[in-house]
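Data first, discussion second: the structure below is written as structure tokens.
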């Protein structure tokens, strides 16, 4: 039930723990709440996890202790609810066949149901994450003797998942039949197979991209180097439902996701937006940092100069102490300095990648107004977000979405801009390479690729309002 | 030499978390490796655990977060093998009836067997401690509807245990049918029931001693204050086997254990030793700190003046850095300063409570020799330790015990003393109030109160040489 | 390359300590080695300093302890030599007139000479920084009764300095007669006067820019609000020598420095560079982050599209652990991800702000080559750095400067680019508003604004190779 | 102006830094507020200091960085007032002859006067400790060319001091003409000279006691091994005034101080007390830990058995969190457990070494009463403390001394004991080896060995209520 995560795995490399550290570091944008690594050789597993950034959790000594040729790792996003240490992944458990570690990115629709069923048969749960359900399925005597136990148990799951298993003799990388979340395979120079959520993790360790894990596929990499493709479901039994929000916001611009470069997709969306919603202005500026690609695309398409309105503080992200007397827009100013000559007296086209609650965007617009902007035309390089995600993106509740009950004009007024245009759903889908029906656009369109009548809430698995802090 | 734990619980007190903190602090001598507290009100459980001393693990903020009227806590001793965070107690798990927390002091003989059996039925284990077996028994659908589930499942266990459960509606304190480990009940002024391993935990919080939990008894304290005595086994089906080593070494001298004051027992043992092994000397001195009671008893009985040979450093226990050039007996000297006038040219009777490996004692004897002692007569206020303990005392391996293959004369020579005498088993048992056959003396006599043909080793539950560090 | 500091002061504000914290945070780019704040009310001084970033040094509790209406603060850059805690500023000392705190940005040419003289009269020095000389001058009985003691003693100093004093009854902000380093005055809504090195410190606290402290001026702000302009030297006795490197590299693009916006100056330099050294290409890309302004100027002027070749890691700056097996260009890749479609098979104009050693630039160029760039044309928006700075910029030794003994063609070959052009000195000076002779360009031209025959080295004041670590 | 300190120095040993660490550790009882070490070889000084215990301040890495053949160190007691990092000793400063480090134990009567004089001549002070005055005297050009500069400048000081200097070519250990504070010389096996406040520092490093530094003597140990005795004042110009409180309370019982063993002195005082104030009882018990020696002496002399009423917690000294609901005598109980059988229904003679405020003693007496003591006869092995100390013992203010305005009967009633007797001044002086007039007994008798009409208060040197926290 954890949202926004990054996975990394490597099989058969003397420096596996450190390469996993780097692979997680490169995917830190996918999750800043916690980080964990499990490694093993042919005798023993080792696990090290902690709250915080990869660079905070892993000291040199910890990495040295983890030295081993096989490793999987996980980073997780900061959610507001239930960030207990007990939930940090990868999980490592004991069962009748020995030990197994699991790392998971996605959201399981039927986790609560399965959990209830297992508890009624005497099972014990130590975490409140849906990942633990997977290991109970694995330990079930009915599944133990299946030819491909991992692929077999995954067929019981409904929802979105990319998942990594580390068994005593193999690593398994699997992706749900819809392919919601990305998962890619690569190779090191020494032949070691690597797995990651995004290709940017390969770049940092000089791994070569090999191919995507296919929707519904489980790829087993045995310790002897054998690679075996197993099927959770027969190929093409499900229509793909690639998460379009990975392209819009979540993935790193340098990554290839679902087979194409994220920066290119975003630039195309910005250009498309210029076609859909042109306006005359002195400069096109981006709300840093995410919208730079789209803003560049808008500027190129429109011929209006690309400008810099904000300087990002190198030190933002550090925790800082707020003064007692309220400064206007201080949280914005701790992160961004305005370059006044770009703004003062100017007509600006401000490009955003997406607007969720609207509060941050509103603060930044306010800062530009205070710096003397003459006109502000906001262009959002994605459609209005109006529906919840049940597949792993941790949007706020429906009521908090600015587009939930407001129409575009009302949002314009709320944000305080002179004009506002969103990219159309068709325009958005025209910028990606797969057919439009192969993407999940539910957060924009409300059309879910599977039945979500009884979805689990983020805290469905937490009974008694469990609070753990360790 | 110590694989040991301390327990504390309190039911129905507004300051339960802080009182548990104090109760654990007072029993810190029972375990310095880790500490943990689980609390709840009528809605939610909270858990906070960590490696280190009670005062290191719990900050003011953590205690405030734990505020709740019901609490159990646990301290554990530093063992060399498997000190993973995942094993810190109390455990807190989810099962079909909600949540339950467990804290355990002792050692289960049949834990490995039970664990194997449960794993074969699909169970998952997250820790390598035998305590987790207890929660699997609790979650077993076959046990759920028993009248007294906790008492019922404990009847499946073999070995030594004192255990505390915190259920959503009650606390249960139980003790194995042999009563190996102590467990006592007390009451606060406001009527709240408290449970602890030793009475010294009651003194610090001004609780009144009420009674011992009986061997084979499980005492349930319901949230409404009802106290119910349940039976694991019918009364008197087993002959008690109180651990005599609690009296000799482990418990706090200020505590009452098995119904009598520890200091008094030790003083009596010292006096008995003076009768069994008299010798003329200038002074009776104790090896600090444990042997002071026995030394006082020896001095009184013999009429030879009690003297002070060592000053204990107030700062010992802090980690310190050893210089590169070896100093003679430096580890001893970091903890003890010799008072030379007491020692130089004097004939000393040195009293020890027990000798395990002999290395520490030897170092201290060497320090006395270096300070000019003329004669050193070592008197040990317990018999030679020659056999392993399967019931919770973490002695070193048999081969490391100085008395394993050496006779008394050989030990005397090894320790470098002029004469050496141990207290006899009969002498020892003459100093305690229960009949001798009601004590477990297996470490001295080799006579175990139950069949130990297939005992579990400390690491039996760790497959693949699991190493976790978090 | 940076021996540099940032100053902040505020006189007469109930929230002075926290505002100073924010003012230092906004100027963190001027110094990351250490941070310090001294505050006072009308009775007592308080001081808190530490190694590291502003956000690391100051906890909420520390800021609360510093609460007081008058405050000065300092940030300092990490130099390789002598980063002792004892040198952290502001200094706070006792002398015959009470206490005084001093914070200093710059470099004093005659500090060694003065120090020697004072030591010979019995003075004691606790630090190895030149700032301590200033307080000895202040304490000198010959200076105590001058009308303006601070201005008076500064007239004894040679070199570059902007300096803040906090006396028991006033704050004094002063700038050397050449005006090497920036120093600006602002006002808060409540009338409180603020002082900072750069105007970006005013933006974060909503202070209004008032005016620059003039070269050779000392501005005293008394506790009653009176502001008094004092002179260190008569006006216009010296020709200004504003440090051009503040404009090129050091200051924040959002700041106004020496009367004009830094981003605008840099954009103009980039545009000028396009005129001086045009070349055909597919895109203009910046080496992040500093060169973005200049690259934008180059792109606008040339009409070649501005592109994004690098994504800056949000998490760079955190300390990370290098794997044992060397990855190619790993240090670059920890900070930057390459967007391959922008680079692969493309002819790139790469814009840098300045090249000092050349090693970092070379690494980034190598990364672009590895990503498949077809042509790389490096354009540097400043002239070659060939001479040492004696006025506060901590360049490496002359031998380490890539332009020291290499001509442009040799540098081009070393950096591995297809063509290389630097901005000319005339071109550079054409982009700033003051007359060219009013800037110090010594690092480029070798023409120093004052005699530097006997300059002090950075460690001149450290005798016996002092090493202190606290 | 620092009180209660410990000194250690070593000249010419490859492991000097680590041996100093051990020497300070052994003298930790003399000061727990801060610790510092300065070392040097023939080229450079190094300094490392910090707040807290020796074992907290010095990590392995810090000690390795300090590696050097010459070292001096300092521990300082926790005083309530002015514990700033800036005051941590040893001081290390620069003056015209290079660097010099100073560590000081004692209290200078004329420090304020000298400081004022120096400030008026332009001197700057960085600390609020009287030690800094010493370095200003050293740096004074008038003193630089004296034959023995250290001895010469010390002759300007009035008050109590034992002081260590580390010059670039020698270490100097000096003691004031009255010899208030102890200072002893020893030798290592390799010939290296060591200096310490107490001989217990020699025991831990296997150094041999050589001799005391004489009152009024300065012993210079040159780097080539030459030892030179210099005189601050001619021998025997002052009558010794050895601090009797070192014998009663302050020094370690294992140490020799002023030429005799502390434990022996205390035991003799206890015996003398038994003669002066006999009473019938069941047992003699000590208030731990300090009074054990005296209690043993009382028991031996009286023939009444020595008993144990309290167990000292091994974990006291750790900071702990107090529960919100007040427990009776909790602070006492966190440190001491009562052994009830020793106390309940018994007539006890309780021996204390000294009573200052009376609050702690009262709490302990209350604990004994609560445990059921039938009679409590308090015997204090020193006279009532009625006068302030100006020579380095940091007693509370006169008003806080329990004996200040109360007579013995009033104190008895306040403490809640059945009878109370103090040792007489004559009795006390009969137990030490030097003539009574050679001890300073001012805190008991009010007879000061020098004029103290204008003594400095502890904070005399802190103007403006300076508060520094770093």
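For reference, chains read A, B, C and D in written order, and residue numbers begin at 1 within each chain.
We take it that a contact is a pair of C-beta atoms (placed from the backbone, for glycine too) under 8 Å apart; a residue touches a chain by one contact, two chains touch by 3 or more.
Owing to the predicted nature of the structure, the values given are computational and were not obtained by experimental measurement.
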| item | value |
| --- | --- |
| Identity of the chain that, by mean CA position, is farthest from chain B | C |
| Rounded Å distance between chain A and chain B, as computed from the means of their C-alpha atoms | 49 |
| Centre-to-centre distance between chain C and chain B (centres being mean Cα positions), rounded to whole Å | 62 |
| Touching two or more other chains - residues of chain D | none |
| Category of the chain touch graph - line, ring, star, complete, other | ring |
| Each pair of chains that touches, named by its two labels | A-B, A-C, B-D, C-D |
| Contact footprint of chain A on chain B as seen in their complex | 40, 43-50, 62, 65, 85, 92-96, 98-99, 119-126, 128, 135-136, 139-142, 168, 463-470 |
| Complex interface listing, chain B residues touching chain D | 14-15, 18-19, 21-22, 25-26, 28-29, 53-56, 58-60, 63, 200, 203-206, 252-254, 261, 263-264, 289, 292-293, 296, 299-300, 305-308, 311-315, 317-321, 323-325, 327-328, 330, 333-334, 337-342 |
